[in-house]
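You will see subunit A twice below: alongside subunit B first, and alongside subunit C after that.
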Partner chain A sequence: MNLFASKDDVIRWLGELLKEHVVIAPVRVQEQTTFQPISQVEDVVFDFNNTALSPKGWFLPPTETLFSVQRDDGKVELVPTKVERDAVIFGLHPCDARGIALMDSPFLQEPSDALYRERRSRTALIGLACRQAQPECFCTSMGSAPDDPSNVDILLTEGEDGYIVQAVTEKGKALLPKGLAEYKGKVPAPPKLEAVPTKEVVSAMRELFNDPYWEQVADRCLHCNICAYVCPTCYCFDMRDYADKGKVERVRSWESCQSPGFSLTAGGYDPRTTKGERLRQRFCHKLLYFPEQFQDVACVGCGRCVRDCPVNIDIREVISNLKQVTEAKSGS
Partner chain B sequence: MGPESPFTPYLATLKTATQLTPDIKLLSVELEDPDIKAGFDYKPGQFALLSAFGEGEAPFGIVSLPLQKDGLEFAVRRIGTVTRALQELEPGDTLGVRGPFGNYFPLEDYVGKNMIVIGGGIGMAPLRPVINSILEQRDDYKELLIINGARTPQDLVFQPEFPTWMEAPGTKLELTVDRGDEEWKGRVALVPDVVKELAPSPGNAIAIVCGPPIMIRFTLARLRDLGYKDNQIVTTLEAKMKCGLGKCARCNIGEKYVCQDGPVFNLEQISQFLEQP
Partner chain C sequence: MDKELIQQIRDKARNLLKEGTVEGVIGYERASDDLTSRPLFAYSPSDTERLIFDETCAHNLVKYLLDKKGKKIAVVVKPCDSRAINLLLNEGQIERDNVFIIGVGCPGMVETNWNHKSETLQAKCRTCQLFKPVVYDFLAGGEIERQAEEETYSDITEEEAKSVATRREFWLEQFGRCIRCYACRQVCPGCYCPVCFAERLDPLWVGIRIAPEENDMWQTIRSFHLAGRCIGCNECERVCPVDIPLSLLNRKLEKDVKELFAFQAGLDPEEAPPFATFKKEEVMEFEK
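Right, the complex of A and B next:
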């Protein structure tokens, strides 16, 4: 059953949620819209296209302390970071929700990542269906859709004079505000997107592993890593110790397989020394290794890497080229 | 929070640190919690992540045997900040241990075979528990040939154990160095050339090889020249292993995560990887 909430209802509801939860919502920061914990509901942006960063950082923060090292009279104690509060992510688009669902595979696989698991189980996702698509959007080719409710607890769809509210999970139902009227009208149709030919992409990746294509695409790569940081499914990380004024912490932070030295060992061995090998690693992880390990392609079609790459390396183009190169190879 | 995070190391105490070569120390480490110590079961070839708190964490092969109940041993070569900090620890100091991780040498599959163990430099570290396991169950295996190379005589890692290895029945220890010194009366030759010279027969044999990439590459070629099949040659791969849990996505070679699927592979398995190490 769909319910209806006016924008004022939603604002009041967020205010209520804010009393008991950390609320992470799209806000304007300088010229960008991005997800951040809010302190007041007035800061929430309702009308936005894809945010600068996906909300993955709530579950896998760009930098976080895993534990701190406390020394008392020579005795060492490790104090792990705790997740203190329940949270709500408000306004994430279906592609970003799918990104979180995909990150669950590596992080919840046993032995699960304790911080990720705790945050995930204590966070509700209130999605916002997309009424407009951006030129770089291709979620419908990647297993999702602008109105896909499957990875959120509640889905809101903007209608005339307010929002159509669909509680998807029991967790979502428990969060709904009281007193919303039933909505019997039509749900507006989602925008149509151009299709990217993803059929057989996994086998094409395997077939083209040693093709010179990767070095050609990588020629222009600046290894700036922006593709990894804006990606809702990139999850490579680094762990280092941070010591300052007697305070010692083990810190985890985002990393990218595009960085030179990402796979360099202390002994000087590095399986991926060229840009082409590193770029191939990025696409292989998304389109070959991840699906072989966890079934799904690790791309949600949000288009952020397409939007932000300074040298226009376009994953849609790569996927289309794979098809062309395999067809040319097989002579069809 | 629920169960312990898999990123929180067990606390351990450094019992002894023995200088093995100018840049390698043998650290003997005891886990503090008696239950964790009792439950810490591992096999030759597996590794652990050691923490020097304040500097970081790095992977090391466990070079002791599980039946040595007195502690875990690691051969740590000083090569960066974490290894320097580990080497600077004094007996009684606290360090962190996570593990054991990865697969191991399937020694039970090698029962009844001639064993050729070939190691260069710090590459002898993961081979030491292999050798000592074979010596523990000496009757289970046929001939044992150990070829151990290093840059100089001083760099031969497990010298205190050489007499035991040499005196064990059916066991030969062949030492070689790249550059000798005034006292060195042994071989001065590269490991692949020693393999060629000694020409151990591939019949009913398994060769386990570990060392620097260049030594491995030429040693494998010599073994193939001698008629060894890829499933008779076993090695342990080096990779950037940060988390040990297949999550940080840094140690993969092609579709294989070295920390989980490896580090031990035979050449037949490696030849099927998409990406070649």
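Right, the complex of A and C next:
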């Protein structure tokens, strides 16, 4: 059953949620829209294209302390970071919600990541269906859709004079405000997106592992970390122990396969030294290794890497090229 | 698009590849948005048909010469980019004989993002006084005549007038957004250390935390390494995904070096940047 909430209802509801929860929502910072814990409901932006960074940072922050070491009277204790409060992420688009669902595979598989698991179980996701698509969007080719409710607890769809509210999970139902009227009207149709030829992309990746194609695309790659850091599914990290005036803590920060030294091992050996090998790793992880391990391709079609790559390495074009190169090889 | 200019670039590139003068030509092609542009590496004469040049060709392609050391490569350079060639020649990073420079006069580049092209010239272009490259082997399209504002550093003097506390607050906020993606470093023609200080473990200059203080350290050392070496292509600021105004730092250092040493990077391949030279007569105050 769909419910209806006016914009005022939604704002009041957010105000209520803010009393008991950390509310992470899209806000405007300078020229960009980005997800941040809000202190007041007035800051929330309802109408936005995909945010600068995805909301993955709530579950895997750019930097976090995993635990600290306390020494007391010769005793050494490892004190894990505590998750203090329940949280709600408000307004995430279906592609970003799918990104979180994909990250669950590596992080929640046993042995699970304790901090990720804790934050994930204590966070509710209130999605916002996309009423318009951007030219870089291709979620429908990546197992989602602009109106996909499958990875959120509640999905809102902007209708006339308000929002159509769909409680997807029990967790979502429990969060709903009381007294919302039933909505019997039609739900607006989602925007149509151009398709990317993803069929058989996994086998094409395997087949073209040693193809010169990778060195050709990598020629223009700068090997910055933009694509990985704006990506809702890239989850590689680095860890280091910090020791300062007797205080010791283990810190985890985002890291990317494009970084120099990412694959450097003790003893100085680096299995990925060429530009092509490094760039290929990004696509292999998304389109070959991840689906081999967890079934799904690790891309949600949000288009952020397409939008932000300084040299226009466009994953949609790479996927199309893979198809062309495979076809040319098999002579079909 | 200036069709005649593009034809000249294509003809030159095709001939260079046909005659075997170079192994590859680095230029620009249309991006996947069919509106802006991206770097193109042309290795066969037929690839050269994809070459273009227009007001969206902002990338400084000189950076890529560092990936092609020891190979004979042609590169399309705008006037500002050409200063990077002089910098790299002076610092012994590239060999003049290995590089064929296809210079282009520049009408100024506009602000672009993927699938967006504004009518506004990039700030650096509004004050650019170079109308043709400072070094080239072939000049496509000839010198361009255009009006440019004088570089007054008015934004820098405005910043300088503010208190240290105000400036510190401003920059910590800016650096607070930094995600340490290192795009500023990766795109910079002057950033080519085999192991960047940011990745060095011993000594450890800066940690891995993506947080204001460490970002501050990263950005401060990055800009100081470019003092007197930054050639002003402003690619770092253009590619920054979180819009940190890096040109304020870079141009502050450019202004200081200009005032202290009467030097601007990349204008002359023979003159080394001030921090790369030492003259006996440069006795420092405290030694007197």
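Quick notes on this one:
Quick note on the criterion: the second predicted complex is superposed on the first by the 329 of 332 C-alpha atoms of A that agree within 3 Å, B and C clash if a C-alpha of one lies under 4 Å from a C-alpha of the other, contacts with A are read in each partner's own complex, and residues count from 1 in each chain.
Definition applied: a residue touches a chain if its C-beta (ideal position, glycine included) is under 8 Å from a C-beta of that chain, and two chains touch if they have at least 3 such contacts.
Quantities reported herein were computed from a predicted structural model and do not represent experimental measurements.
Placing subunit B and subunit C on a common subunit A by superposition gives a fit, with no clash between them. In the superposition on chain A, A:I226 contacts subunit C only, with no contact to subunit B. In the superposition on chain A, contact is made by A:P80 with subunit B only, not with subunit C. Using the contact criterion defined above for the overlaid structures, shared-chain residue A:L66 touches subunit B, although it does not reach subunit C.
In the superposed model, A:S330 makes contact with neither subunit B nor subunit C.
Of the two partner chains placed by superposition, only subunit B is touched by A:R206; subunit C is not.
When the shared chain is aligned, subunit B and subunit C each come close enough to touch A:D238. Once chain A of one complex is fitted onto chain A of the other, the partner contacts of A:E292 are limited to subunit B, with no touch recorded for subunit C.
When the two structures are aligned on the shared chain, A:R316 is found in touch with subunit C, with no touch to subunit B. Once both structures are fitted on chain A, no C-alpha atom of subunit B lies closer than 7 Å to one of subunit C.
Comparing which residues of subunit A touch subunit B with which touch subunit C, the overlap comprises 238, 240, 255.
Partner subunit B is touched in their complex by these residues of subunit A: 66-67, 69, 74-76, 78, 80, 82-83, 106-107, 109, 111-115, 117-118, 206, 209, 235-241, 243, 248, 250, 252, 255, 257, 262-267, 269, 271, 281, 284-285, 288-289, 292-293.
Across the complex, subunit B meets subunit A through its residues 1-9, 11, 51, 53-58, 79-80, 83, 94, 96, 122, 212-213, 238-240, 242-243, 245-255, 274-275, 277.
Interface of subunit A with subunit C (complex): residues 29-32, 52-53, 62-63, 135-136, 216, 219-220, 222-226, 228-230, 238, 240, 242, 251, 253-256, 259-261, 275, 306-312, 314, 316-317. The touching residues of subunit C, when paired with subunit A in their complex, are 31-33, 36, 38-41, 59, 63-64, 67, 113-115, 177, 179-183, 185-187, 195-196, 199, 207-211, 238-239, 241-243.
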